[in-house]
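Each chain carries a letter (A, B, C, D, E and F) given by its place in the written order, and its residues are counted from 1.
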Amino acid sequence: MHSALLVPGAFLSPFAVEDAVRRALVEDLGRAGDITSAATIPEGKRAHAKLTARKPGVLAGLACAAEAFRQLDPAIEFRANKRDGDPLQAGDIAAEIAGNASAVLSAERVALNFTTHLSGIATLTAAFVAKVKHTRAKIVCTRKTIPGLRALEKYAVRCGGGMNHRFGLDDAVLIKDNHIAVAGGINAALKAARASVGHLVKVEIEVDSLDQLAEVLKTGGADVALLDNMDTAMLKRAVEMNAGKLALEASGGVNLDTVAAIAETGVDMISVGALTHSAPALDLGLDVEI
Amino acid sequence: MHSALLVPGAFLSPFAVEDAVRRALVEDLGRAGDITSAATIPEGKRAHAKLTARKPGVLAGLACAAEAFRQLDPAIEFRANKRDGDPLQAGDIAAEIAGNASAVLSAERVALNFTTHLSGIATLTAAFVAKVKHTRAKIVCTRKTIPGLRALEKYAVRCGGGMNHRFGLDDAVLIKDNHIAVAGGINAALKAARASVGHLVKVEIEVDSLDQLAEVLKTGGADVALLDNMDTAMLKRAVEMNAGKLALEASGGVNLDTVAAIAETGVDMISVGALTHSAPALDLGLDVEI
Amino acid sequence: MHSALLVPGAFLSPFAVEDAVRRALVEDLGRAGDITSAATIPEGKRAHAKLTARKPGVLAGLACAAEAFRQLDPAIEFRANKRDGDPLQAGDIAAEIAGNASAVLSAERVALNFTTHLSGIATLTAAFVAKVKHTRAKIVCTRKTIPGLRALEKYAVRCGGGMNHRFGLDDAVLIKDNHIAVAGGINAALKAARASVGHLVKVEIEVDSLDQLAEVLKTGGADVALLDNMDTAMLKRAVEMNAGKLALEASGGVNLDTVAAIAETGVDMISVGALTHSAPALDLGLDVEI
Amino acid sequence: MHSALLVPGAFLSPFAVEDAVRRALVEDLGRAGDITSAATIPEGKRAHAKLTARKPGVLAGLACAAEAFRQLDPAIEFRANKRDGDPLQAGDIAAEIAGNASAVLSAERVALNFTTHLSGIATLTAAFVAKVKHTRAKIVCTRKTIPGLRALEKYAVRCGGGMNHRFGLDDAVLIKDNHIAVAGGINAALKAARASVGHLVKVEIEVDSLDQLAEVLKTGGADVALLDNMDTAMLKRAVEMNAGKLALEASGGVNLDTVAAIAETGVDMISVGALTHSAPALDLGLDVEI
Amino acid sequence: MHSALLVPGAFLSPFAVEDAVRRALVEDLGRAGDITSAATIPEGKRAHAKLTARKPGVLAGLACAAEAFRQLDPAIEFRANKRDGDPLQAGDIAAEIAGNASAVLSAERVALNFTTHLSGIATLTAAFVAKVKHTRAKIVCTRKTIPGLRALEKYAVRCGGGMNHRFGLDDAVLIKDNHIAVAGGINAALKAARASVGHLVKVEIEVDSLDQLAEVLKTGGADVALLDNMDTAMLKRAVEMNAGKLALEASGGVNLDTVAAIAETGVDMISVGALTHSAPALDLGLDVEI
Amino acid sequence: MHSALLVPGAFLSPFAVEDAVRRALVEDLGRAGDITSAATIPEGKRAHAKLTARKPGVLAGLACAAEAFRQLDPAIEFRANKRDGDPLQAGDIAAEIAGNASAVLSAERVALNFTTHLSGIATLTAAFVAKVKHTRAKIVCTRKTIPGLRALEKYAVRCGGGMNHRFGLDDAVLIKDNHIAVAGGINAALKAARASVGHLVKVEIEVDSLDQLAEVLKTGGADVALLDNMDTAMLKRAVEMNAGKLALEASGGVNLDTVAAIAETGVDMISVGALTHSAPALDLGLDVEI
């Protein structure tokens, strides 16, 4: 229902938006509601508001903002001037809102908490994406997300031009060192995984050394190798050894200073936990006229 | 129930922990659960794990970690070496966990997502607190929190030595510029607020100028004045004008470079939105032995 | 959204209304729904109904009634002739409802259960308020509410002209005898409380004797003293001792016969648990024409 | 699980208790929890408490009290000296509780809100039952219950010696005047009801006159007749006319002064809305020693 | 709200439909939503679809289908050509849908999962009903339903011309062999049941032999006897013994081959668990034009 | 926690079991609970029960049965003699249960409704698997599941030796005819899909003809081709054309008579909607001794 606000090609379940916004409004309104507005804003008063960028960045989360106002005033007018994924300059007006003044003021903080957080993720993602645009590497997120907001945060990564890794423990196999050790080695772990999962599930395996990568390549059964904490020289050799057989993902030690060099090794994906666990909020504000 | 893990003096509802952790585990396990562990970890296998700091900081969220493991293995052993609010050095082991290997691996990411996020908030708060320890000013958080995690984040601020502002729109009055404008001025807004709320509700009012502060002081009815975006010279004059009558909170333009000077003006509280909306995660890891 | 039905100045979260009504309808409809109406009311039949007072009182809960009908027939017409807080005479029509006959009959009991209960609270509150109108004392409610309906019941107290005490354990400090004993006395308890809570949290302390009150006044740190089970002579002396420093709340032994004398002692608030735990329902009925 | 606390023969779903108690605790603890206890009660402190009657009455709701303490301290000791349905004298100790002091104080109000409300219902029910014990009439409740607590309140009626009417709109047919009018008369309404419902559903029909009762008796298909607002003379004639064919329920104008005379007419049941919508709380308290 | 889609005389709670459909959509959309449609269907694209029978049967569940589309596109047009309970021939178009193409495709499977399952139940029920239409026997369902869908499945039985047995453990008494044994025999069990339940609750008792039936008839207090696993000769003798006193329900060994003979014994009801636990889905499809 | 009851290699989220069982118990207990047991079973009575196969089949759902008893009696003893995936002969005892008699009787139907339904799915799956065991083909399920039970049903397919297809719309791409048409052909649809989804998402595409398969093979970007409604001759040619490049899934017209021939064409997977939408329940019973 919010599809005109979303970045094209990225679906965001209406239930994810509706439920997260409702939970946030309930959290903020508490038992007694907005007691300041109840005391000071006359019934029937209307307000106009502009969702405005205070700093440059990339927009994400407009559907959450619209939903926050709508839940407190179903007759709210929400006009988007931008859509998710659009770049913002300081002063840009992302959306204009008109409706019941109490509803606008009561929903303001929740609307901003979603959009500043998600736009912060989109903005940081876009910075990483810009650093690697001369290469084939894609910037991907991880499962290091803020609890309860995974679907929204993964969507925000898409708004910034990044791609998504697993959404959870159940939609792809990722064999790590502990799994390998317990299963009895790479060969055994890959065989067990292949035997266990269906034909629409991909298998990724973490390797810490080129020897491990060689064993993975020999064994077969993996779709992706996760090259963990390798330096760029080692990554280059991994890319050569691989010769295009597996998709290669680099992780570890990735930041805005190092990402270009990592991308230039020829890996396919670079995963960055900071996109979702450490992105500072983008400064957006709501200019209200009553 | 988690009280031995919490920072003393700060209560955290067991339901807040239980519900947030359950939601996060459900989010991560999805429909099919941890398909990698199911394929590779033999039934009955046990694991030991250490929750270890990779970088220095302040610990917060241990109860969430314990709860994550407990929900997947009620018989888990969780021994805390530290408690929330404790400083951590790189390499410090905050807790040791022993139990079903699948449960440990399946809960790992959720446990870390809580503790790294909340410890990040505590760590950033502690940095601000350290900058003002020579003054009377307290560092306080705002309502600029990640949707759905407010109680946990406000608790994390306490772990870092900060204090809490309102938890929501319903537990205190905060009259802002729009409320003043609509209500017909400071006098009218303060009267309306006092008439509307009960005897256990405090009233704070935002002022942008010393003239406004003077009017607030003359009118009475406020407990706290929020001095918004004033420079330090103006803050000092506000402190003088106030002469101890109201609690004074400074906000706007606060960062680690400016906070000491702001505190030295003599204000009582300095509110910092970044504590909760922009704190980078603290790097904690789980070292697992199976 | 229901703001035109509410008593001015009192905010009632739309989620509180929506959730409580939905829970009540689900409770009443059970698994099979209204089997009597299903058997006897033809599809498409319409009904008109009048929410009518059978006894005099004060109206509260109109938004709940409207919501009950709306949830079973989104196209229902609900016209309010009165609004919450209005006095009702026997025979007064508070609202008129028109819509699908099955929906009207199926929602009738839930709509009445809310309005008769909440109006009962408002009516009893108004009786207490009338007894003290010649004094400065305000009638306030307590946390002795029916489980699950606190926000609605506290709102109903406002409809009757009363004011609200704490909404829960988290929005103000109330130090009672046990807290004092364990903390090591009044001084220690007040210091611990002040150190623990933020600048927007008020502190109330219960005192059973004038000596205790003297100690509270000397110690400082409290905003309100709760004078528990004192007779009127003692209350008067407490008012004198206090000399306007703290807000004073009287509690214990309050009923419609005693409240005026208590108010005349000069206390600021009188708290009455019976407002919410023992108010008889106000007799309202739904006159339906099909 | 609470069966040893319950009145024999009355089942109370463990989920009804667990869910209602959890909702009430969450409502009371809010976002920040019990901030007074957090500030003043040292970690690890233990408390003993006695649930004590301050006034005579009939006990109901012990399982809810036990559950409230248990949810905040799973290791709580709860020893019942009485069980639901037992008469209480002022001073009687219904139960003793020992456990974590913060948990005891934080759960106190919720535990009392359930037991005082439900015991109030049981006590009022017992008063009605006592008035009619020389007759065959049973005292039954109605659907006029506090929203969200129906199952608990109906159970409390059982604790007081009363019996239950319908639990909702779906477990029995009750044809009222509007249903009769729309369906085209008593005959048509009864036929429609019988044709629509299964073989385990009883049919009751409201009659306002003896003519209507005669028609019901002639038509067949009803199990129970609800004699609405008839005086005792009319009730007696109804009992005679009925000659034992249908169960007869009297309603309307029932109070403690009138109920005996109504019962002496020979009706089988007397329904009393006030049992659940207007019962004052029974005064119970918690005496805590820390 | 869905009443025009429902079989007349059978009420289906709007909450039952809304909640079951929402749960199913959330289950299907998961965290990331319909990623195929997001990638391939342009924003704003519209679709027309026809809900078409591929095999003959009886329709049930149209309201669920409508609700599934509506939840993903509130502006969907849903035109029903049939209503629940109608017979379908292969090729019949039960409903036509027009709206947002992504919404139509994303809701398709959920809409079909409800309608094919519920129509399967209606179709199997109708087959049993057809076999006994020359007798007085009614076909009734049991509590052997798919967990979570009981209200919907019982409604589907009604769509097929069957009647409903108990909806749960709480709306009627059914005394089985174990209850009899523990209670101390038929007499004791019936007395205990009658003493325990209200006047609107029917009592059914299972009997395995004619001796038991004789004892039930002699004891009184039962409304219905469940004749369990009796052959037709025995059933006939039970009908004779009963002489119309109790309603008689036959169960055990009922299938489409045996049901007519069972019905011809004169029993009132024949209960068939297979209606809800083993009905194959009816083949319905959605023909979409975009 | 239930891992010892599960089929090895298949993870079933404890939350999926806990939530589905709770919902089912609440559905069955309703408002008043098990009124028959409350009336007839003395407090403290214990029962022993045996979960016994009445017909041969394959067991699935033991964890749900255990959970149902446990939720009504946390101290229940549940000893499994079999585990999920085990074959059952008529008379085999899958598990023995000992505990509170009321709890055993009240949970009986829910425990059976889960195990008979899930074992029915496992049994039907095993029948299909047996027919193709001489081939390389795997039997896979679809999204044609009973609403609300998908995770459990997909697990039951695994118990019967089948494999899982997509769990929802979000964990893999499946491009169908409508997507192809709207996207502008196979090439465009595959490109759009690949560009839109992450590196751990597989792409399957439905083809109705060998020409379409050829185009898919030429285009690249697909991992799996779904050969829809092709006869065995065509399937054989598809297998030849494919030459091992893509995984091939056959669907349409699959039943126990046709599946072997389909498997012999050399396809990799055969998907069967009937496994989950039309499997009759397996006859299991609970033999209770009190």
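One rule holds for everything that comes next: a contact is a pair of C-beta atoms (placed from the backbone, for glycine too) under 8 Å apart; a residue touches a chain by one contact, two chains touch by 3 or more.
As the structure is a prediction and not an experimental result, all values here were calculated from the model.
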Neighbours of chain C that also touch chain A are B, D, E, F
Which contact partners do chain B and chain F have in common? A, C, D, E
Inter-centroid spacing, chain F versus chain A (mean Cα positions, whole Å): 32
Between chain E and chain F, centroid-to-centroid distance (C-alpha), Å: 23
Chain centre separation in whole Å, for chain F relative to chain C (CA means): 51
Of all residues in chain A, the ones touching two or more other chains: 9-10, 27, 29-35, 37-39, 150-151, 164, 167-168, 170-171, 192, 195-197, 201
Just say which it is for the chain contacts: an open line, a closed ring, a star, complete, or other. complete
Chain B residues within the chain F interface of the complex: 22, 25-26, 29-35, 37-39, 43-44, 71-74, 100, 102
Which residues of chain C touch chain B once you look at their complex with the stated criterion? 9-10, 138, 140, 163-167, 170-172, 192, 195-202, 204, 223-224, 247, 249, 268-269
In the complex, the residues of chain A that touch chain E are 1, 3-4, 8-16, 150-151, 154, 164, 167-168
So in the complex, which bits of chain D are touching chain A? 27, 30-31
Interface with chain D, chain C side, in the complex: residues 20-21, 23-24, 27-42, 45, 47, 101, 105-106, 109-110, 112-114, 116-117, 120, 143-151, 167-171, 173-176, 178-183, 189, 192-193, 195-197, 201, 273-274, 277-278, 280-281, 288, 290
